[in-house]
Amino acid sequence: MTPTYYLLLSALLFTIGAVGVLVRRNAIVVFMCIELMLNAVNLSLVTFARINGSLDGQIMAFFVMVVAAAEVVVGLAIIMSIFRTRRTASVDDSNLLKY
Amino acid sequence: MSTSSTGSWLLAALLLLPLVGAAVVVALRGNDKTAKSAALAFSLAEFALAVVAWVQFEPSGARLQQAFSFDWIPAFGVHISFAVDGIALVMIAVIGLLVPLVIGAGWVDKLPEGRTKGGFFALILLEQALTVGVFAATDVFLFYVLFEIMLIPMYFLIGSYGGARRQYAAVKFFLYSFLGGLIMLASVIGCYVLAVEQNGTGTFEWAELVKVVSTAPLETQVWLFLGFFAAFAIKAPLVPLHTWLPDATAEAPIGVAVLLVGILDKVGTFGFLRYLLPMFPLASKELAPLVLVLAVVGVIYGSMLATGQRDIKRFLAYVSIAHFGFIALGIFAFSSQAMVGSVTYMVNHSIATGMLILVVGMVIARGGSTRVADYGGMAKLTPVLAAMLLIAGLSSMSLPGTNSFVSEFLVLIGSFPNAPVYTIIATVGMVLAALYVLWLYQRIMQGPVRGDALVGAAGGPGTMVDPAVGAKKAIADLSGREKLVLAPLVVLIVGLGFFPKPVLDVVTPAVDATMCQAALADPVQSGERQLQCR
Amino acid sequence: MTGTINLAAEVQQASGIANLAWLLLALPALGAAVLLIAGRRADKWGHLLGSATVIAAFVYAVLLFFDTTSLAADDRTREAHLFDWISIHSLNVEFGLRIDPLSLTFVLLITGVGSLIHIYSIGYMSDDRDRRRFFAYLNLFVSAMLLLVLGNGFVTLYFGWEGVGLASYLLIGWYQGKDFAATAAKKAFLMNRVGDVGLALAIFLMFKNIGSTQYSVVFDKIGEQSTGVIVAIGILLLLGACGKSGQFPLQAWLPDAMAGPTPVSALIHAATMVTAGVYLIARSNPLYSLPQAEDARLVVMIVGAVTLLIGCVIGCAYDDFKKVLAYSTVSQIGYMILAVGLGPAGYAFGILHLLTHGFFKAGLFLGAGSVMHGMNDEGDIRRLGGLARKMPITFITWTLGYLALIGFPFLSGYFSKDAIIAAAFSEGGSRGWVFGGIALLGAGLTAFYMTRLLILVFLGKPRWENLKSEDGRAYHPHESGWTMTLPMIVLAVGSVGAGAVLSGMLPEWLSPTLGELVEEHGPLSHTVIAILTVAISAIGAGIAFALFGRREQPVTRPQRVSFPVRAARADLYGNHLNEALFARPGVWLTRFLVFVDNRGVDGLVNGIAAGLGGSSGRLRRLQTGFVRSYALSMLGGSILVIAALLMVRFA
Amino acid sequence: MSVMSSVLLLAQEQAPAPARAEAPPLTAIWPILIVLGAACLSVLFEALLPKHLRWPGQVVLTLLTIVAAGVKLVTYVSGAPAAGETAMFGTLAVDRPALFLWGTLLALSLGAVLLIADRSVEPGGAFVATAAIRPGTVQDRAQVGSTGMQTEVFPLTLFALGGMMVFCAANDLLTMFVALEVLSLPLYLMCGLARRRRLLSQEAAVKYFLLGAFASAFFLYGVALLYGYAGSVRLADISEAAAGSDRSDTLLFAGMGLLVVGLLFKAAVGPFHTWTPDVYQGAPTPVTAFMAACTKVAAFGGILRVLQVALESTQWEWRGVLWGVAIVSMVIGAVLGLTQTDVKRMIAYSSVAHAGFLLIGSIAVTEKGLSSTLFYLLTYGFTTIATFGVISLVRDSSGEATHLSQWAGLAKRSPLLAAVFTFLLLALAGIPLTSGFVGKFVVFEAALSDGMGPLVVVALVASAVAAFFYLRVIVLMYFSEPAADGPTVTVPGAFTTAAITLGVIITLLLGIAPAFALDWASSGVFAIR
């Protein structure tokens, strides 16, 4: 089977993630969707590495994971602080800043 | 590199003196009295300098004199270079003349609370310095810079010292001019790019750019022309880009209105002469009909609207719009008579309309209203004021014997051979001019006494007042100071009406040079004369 | 044509006394300046100075006259160059004076009559606290008028032309407290400006085609121009003349001008300024004499004829002393225009009639002034009557002027008017009959309305006895002081003798300027015409006697009158016409334009601003504050970008 | 392979580079090393120093770091190869533009740090003592009064700064991605640290974080696709591949699109600007200043490099698209700014408009385009820093008074501040004799000479429209009567004064005598290795 399917899959995952960001209200879930997008990218990176026959893609995937982890740390911190304040994790509740 | 020619110190002084003055006046603003005196002193000194510069000027000499130049932004070949030709010289002289008068006229005006005379006059001096710079700049970039900076003091003069709707007027004025300026900026850069393409290194020196741009193909010239034209047409202003002027004039303090109409607007027509014709000869010829139409429309439209105004100051604005129509007509009729006429028109309009505005200011100071309907029969109370209004009016309807006649006559007779139809229409404007001037004079000065303030002073409506008595009442005739302010203008109005030669002699060579750069020739040739470019 | 050539050739450089010609302008101008600047300080002696300057000018004019007569006829055209006024390359407008028989004639008339009227005004304005200013204005007028006739080019003429217009504006609006006076003044100036446009355009045409505006050059080269140009210039000049001289269609301002003090009416609106049109056409005779100018001349004649009829007809119906005289002036100037329109055959007669008219019409006006002075400024002739006994001198002088005007044999009018009528007939053909006939008819009408005036004012019952003037005072008619009667007497003498004296010598005195007087012989011999004229005038006077002399006249004008009278009372609807054609449309247009400017032009600008503001206000609602909508907009944006990129690449 | 090793190195840069066969030339990248090293050091400060020493210690350290980095930079520049060189095995391209951007970033961050460090304007500084405390609670009210502040902001700043510097110099996309995160993550946190109005602050942080992460996902996917296209993430390789290859262009252009979107988001270019107003308004003003100035510089540094190095050969495809983006950005910025009622939001929209102008310069793929954009970044950065510095001074009882209505008649209360702010606004509007004008001028000049006339005209009209809302503030300050309970203007402490003065002076200097800066900006082009 050709690697193209993996590419399509990763595109699909990426899209799902993006759509998730748009439709889900809970900040945590939204954040998880973003993680999903990153991992979709990882998939395609690895696939391309396979296609191009070089390791760089795979290594990049590791980097992405690291960065994602860092993001999680920061993100959860922020989300926690606002959750403690508002007693809700719904991103729609925080819209004091507008217009 | 920095170059300078004889008399350049004069020009430098002309530029710096008002700046110093502004600084000093600001420093003194704590005490109105001293600040006022300082401002007056500086403006008078500036005027003296201008006179000296005029005397120093060699009409038969080089096109640009008293020049000096420094590098500013070598990367773009931008210089700080100033010089005057005949046209710039007369305008600078007019500025020098008007500013002291404006200061004198504003001597006792009441300002909005929290504002000091010092700040007011300092801004005026600053504006003076900038306008002098605009007329004297010989580097297009520098010209543009000053052209924009010039807006800021005026913006504050209108905005903080003006009438009820001053905010609206100030912002409108600024945005109009700023938009025009930005469009011009596009053209300025365009010219520069053209220069880079042609001789590798770009320059903003006016003389250089003229060489480069005037040889560009028609289409390029048209686009660049339009960019400059937009800015100048807004400044001048030509219909239909004029609507900022009535608001600005109506809201600005009298003195500022004088500077606005008498000096700032002239930058537009000056730009026609200094930039449009020499830099874009082909485009100028191509688009002349457009400008002529706008000009003639302006004459008729402005005159008719003037008669339709209820507010005296708006009236003044529309009168100027009509006059600017004449000036534009003269410039784009492409004959040296008409062009000289336009330049003298710029001078004379500053004098005549300047006086008209000042006199109206004195009327308003007495009647306490800007509505024409609040006045009538004032001549009985203030005969001298009436006489002044009439003189100013007669000059702005360009009656022979007043300065304006010479210029209007030159514009019309010079334009006729090339643009007969436009000229005929404009000539009809003469009748309208008489109409609006006499209309205003009748409404304010003649007939039975009208208006609360006046009737109060005259004691009962429509009563025949004995001026001796009227003078004792609230409405007094001109004070010594006011007479002193108006006297020089009256002298000039009559003097230049009979002996325009001094002005004509200074202006004509510059106009010839412009005609020649634009590759134009007189329609009516007196044979022996042929143009030689300088 | 021939006349023109040697005209240009003959211009001499002024020398000797003629070099001082600028004094003619300077003296009155100086007087005016001093009086205006000195202000109230000059109240004491202002009138004296004012009169003195004009009298001095007159004296100098007389000297200059004899100096000129001492020269050979061909050397009598002289120019004095004062300074270069406006000079740019091909355009050179010099400020110079042309001293030739024509201008000298006018100078004498202006300064002469001017002096008399200054003297008269001393008395007439004695109780006006602004008399000084009045004299200043009069001086200003004299100076401007002299510039008009003395200038050696069309631009200097234009200068004087507008100058007298200004003076006339100031003097008509003298009683500026009254709205009607102010309005009349404005009207006069505006209608004059309309004429001036014509004059100005004529000047532009000269510059375009001939390259100069100086008489010498223009008259020299005018012959080489195309017929179109010549006719155009001719008609444009005529337009100017119509404005100044109250000729059809610009006649409406002259009657209103009577709002000014009577001396003004006498000097400006009878004797001098209003005849400037005649001067202009006579001055331009080298143009009008050209065969190509035939059509222009015809137009001139038509205008003259029409005007003279209009004047007479309206004159018959008015009840205002001065307005009747005003319309009489209109029609008399009509005669002059007709005369100069006749070309070489008529120039001299036009000027002749102009002079005699200057005498008797000024006299008539001064008489009217004297009457009104004695009658609390009562101008309604129906409220006068039987004043002959009360003010004998006024009566006699006035009657002499009256006789002169209606052309009583061997008084001045007889010579001048008959000459014109004869010349009109001698035009020959149907034209001759038409214009001659009109002129003849005019003579009859003139006699009629003047007689009516005479009867209603001086003869019949004193209808004023049991009336009060509007300010409630009773009338106490009395003869005026000597300063007023003296000028009247002098002018009366003039109106009696001037014609006889001048008719002989004037034509050949003027010939250096106007060319030789061409004597043509029409279908009727001069004697026949003379008899005819006298007869018709007699008939006119007779009818007037029949109508007004025998019956008692109502104090108020009868309202139920026939159409012609109503029409005449309404100035033959001239004003209505102006109203309908220009004034009202103008007002409407102005209102419309003001609307357009506010709502349209400025509205557009503010509209754009408002539009931006509004759209901004709406667009910022898109910034909902919801993260997810932001994310959506980002996603949408990126999809667009990518789609666009791919489209650009693959399309 | 090289990528891997280099990135490993990058990850442990604070440690001196291990001796290897070919020792990487560190001289070029000392500034980065210093900044990142100091960042770690100041983390240690947080951990070890006693509370009362932290603030002074951190401030001193941060300022020293920036100065030291600056000195290193200057010393290097004097002897740097004109063509530029690569460091860290080609992951970093240290060329003239990069050096110029570094200089700009360091200078700007100096100003920003001064603002951040100020504790006199807001007693105890603009930052919350303990971000963990819930707003509205007793402790919260207590800590508003307390003069302590969260000094973690300093290491965060330094990390962000380091990330930005790497970002401008990154020579391959992976480095760029990592740098992007290194500069973004601290900023997310810093947004949430405001002492006053903590709800807004936290909301800003959340929004910025979620959207930022979302955008970096796009960026990353773009990287992946380009990697798939070119087989390498090196900019040079990508441009080579794009120049001539038979691979499917779909990958190229989809990747390019996603990549560019990620960058445009950071640069706050419309329509990817939606986070800007909210975050600018909610974040503590000093942080806003830092973001507005430095992030823009870094982001456009990256955009310039990507467009001019990697995508240069395909410019005819993407240029039209970016034209559209630039126009949208300018229009959004100018139009939406008109009706803003909050000064910080207004400046945010103005920054969107300015991003549009900058983009014009960036898509002119010429030396002029490069140098003009660099110059514009310099001018805009300083003006912005000073602007936010001034904004932070206008306060009332509840903290900063950012609502425009509170600014009415300010000129009467404190003429000096009004004058300074007016000058800065005029600079933003691009009035001559301010740096703003010269910046616009050079950018438009570059655009015109690259045949983008229509775009320039649009830009000019947009800046005329934008001028209106700057004028509106001036009108408010000068021509309106002050509100009765209007805000007071606190006398700025030494730090804020220094920052504002720095910004104003440079704004004026670059307006009057821009020659030297222009020469620096045009001293060289990107090194393509």
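Annotations for the structure displayed:
All chains are identified by letter, namely A, B, C and D, in their written order; residue positions are counted from 1 within each chain.
Simple rule for what comes next: contacts are C-beta pairs under 8 Å (C-beta built on N, C-alpha and C of every residue); 3 or more make two chains touch, one makes a residue touch a chain.
Which protein is which chain? UniProt says A = NADH-quinone oxidoreductase subunit K; B = NADH-quinone oxidoreductase subunit M; C = NADH dehydrogenase subunit L; D = NADH-quinone oxidoreductase subunit N.
All values reported here derive from a predicted model rather than from experimental measurement.
Traced through touching neighbours, the fewest hops from subunit A to subunit D number 1.
Of the two chain pairs examined here, A-C and B-D, it is B-D that is joined by more C-beta pairs in contact. Nearest to the overall CA centre, using the mean of each chain's CA atoms, is chain B. Once the centre of each chain is set as its mean CA position, subunit A and subunit C turn out to be 96 Å apart.
Centre to centre, using the average C-alpha position, subunit B and subunit D are separated by 46 Å. Mean C-alpha position of subunit A lies 66 Å from that of subunit B. Each chain gets a centre from the mean of its Cα atoms; for subunit C and subunit D, those two points are 80 Å apart. Residue positions 206-207, 210, 214, 277-278, 468 of subunit D are each in touch with at least two other chains. Shared contact sites, meaning residues of subunit C that touch two or more other chains, fall at 620, 623, 625, 627, 631.
According to the touch criterion at the top of this document, the contacting chain pairs are A-C, A-D, B-C, B-D, C-D.
On subunit C, the positions that touch subunit D within their shared complex are 609, 612-613, 615-617, 619-620, 623, 625, 627, 629-631, 633-634, 636-638, 641-642, 644-646, 648-650. By the touch rule above, subunit D contacts subunit A in their complex via residues 1, 3-4, 7, 131-132, 134-136, 174, 177-178, 181, 185, 188-189, 192, 198-200, 202-207, 209-210, 213-214, 217, 220-221, 223-225, 227-228, 231-233, 277-278, 281-282.
Interface residues of subunit C facing subunit B in the complex, by the touch rule stated above, are 36, 39, 83-91, 95, 155, 158-159, 162-163, 166, 169, 173, 176-179, 181-183, 185-186, 189-190, 193-194, 196-197, 200-201, 203-205, 207-208, 211, 586, 589-591, 593-594, 597, 601-602, 605. Listed in rising order, the residues of subunit B touching subunit D in the complex are 72-76, 114, 144-146, 148-149, 152, 156, 159-160, 166-167, 170-171, 174-175, 178-179, 182-183, 185-186, 189-190, 192-193, 196-197, 223. Of all residues in subunit A, only 18, 21-23, 25, 30, 91-92, 94-99 touch subunit C in the complex they form.
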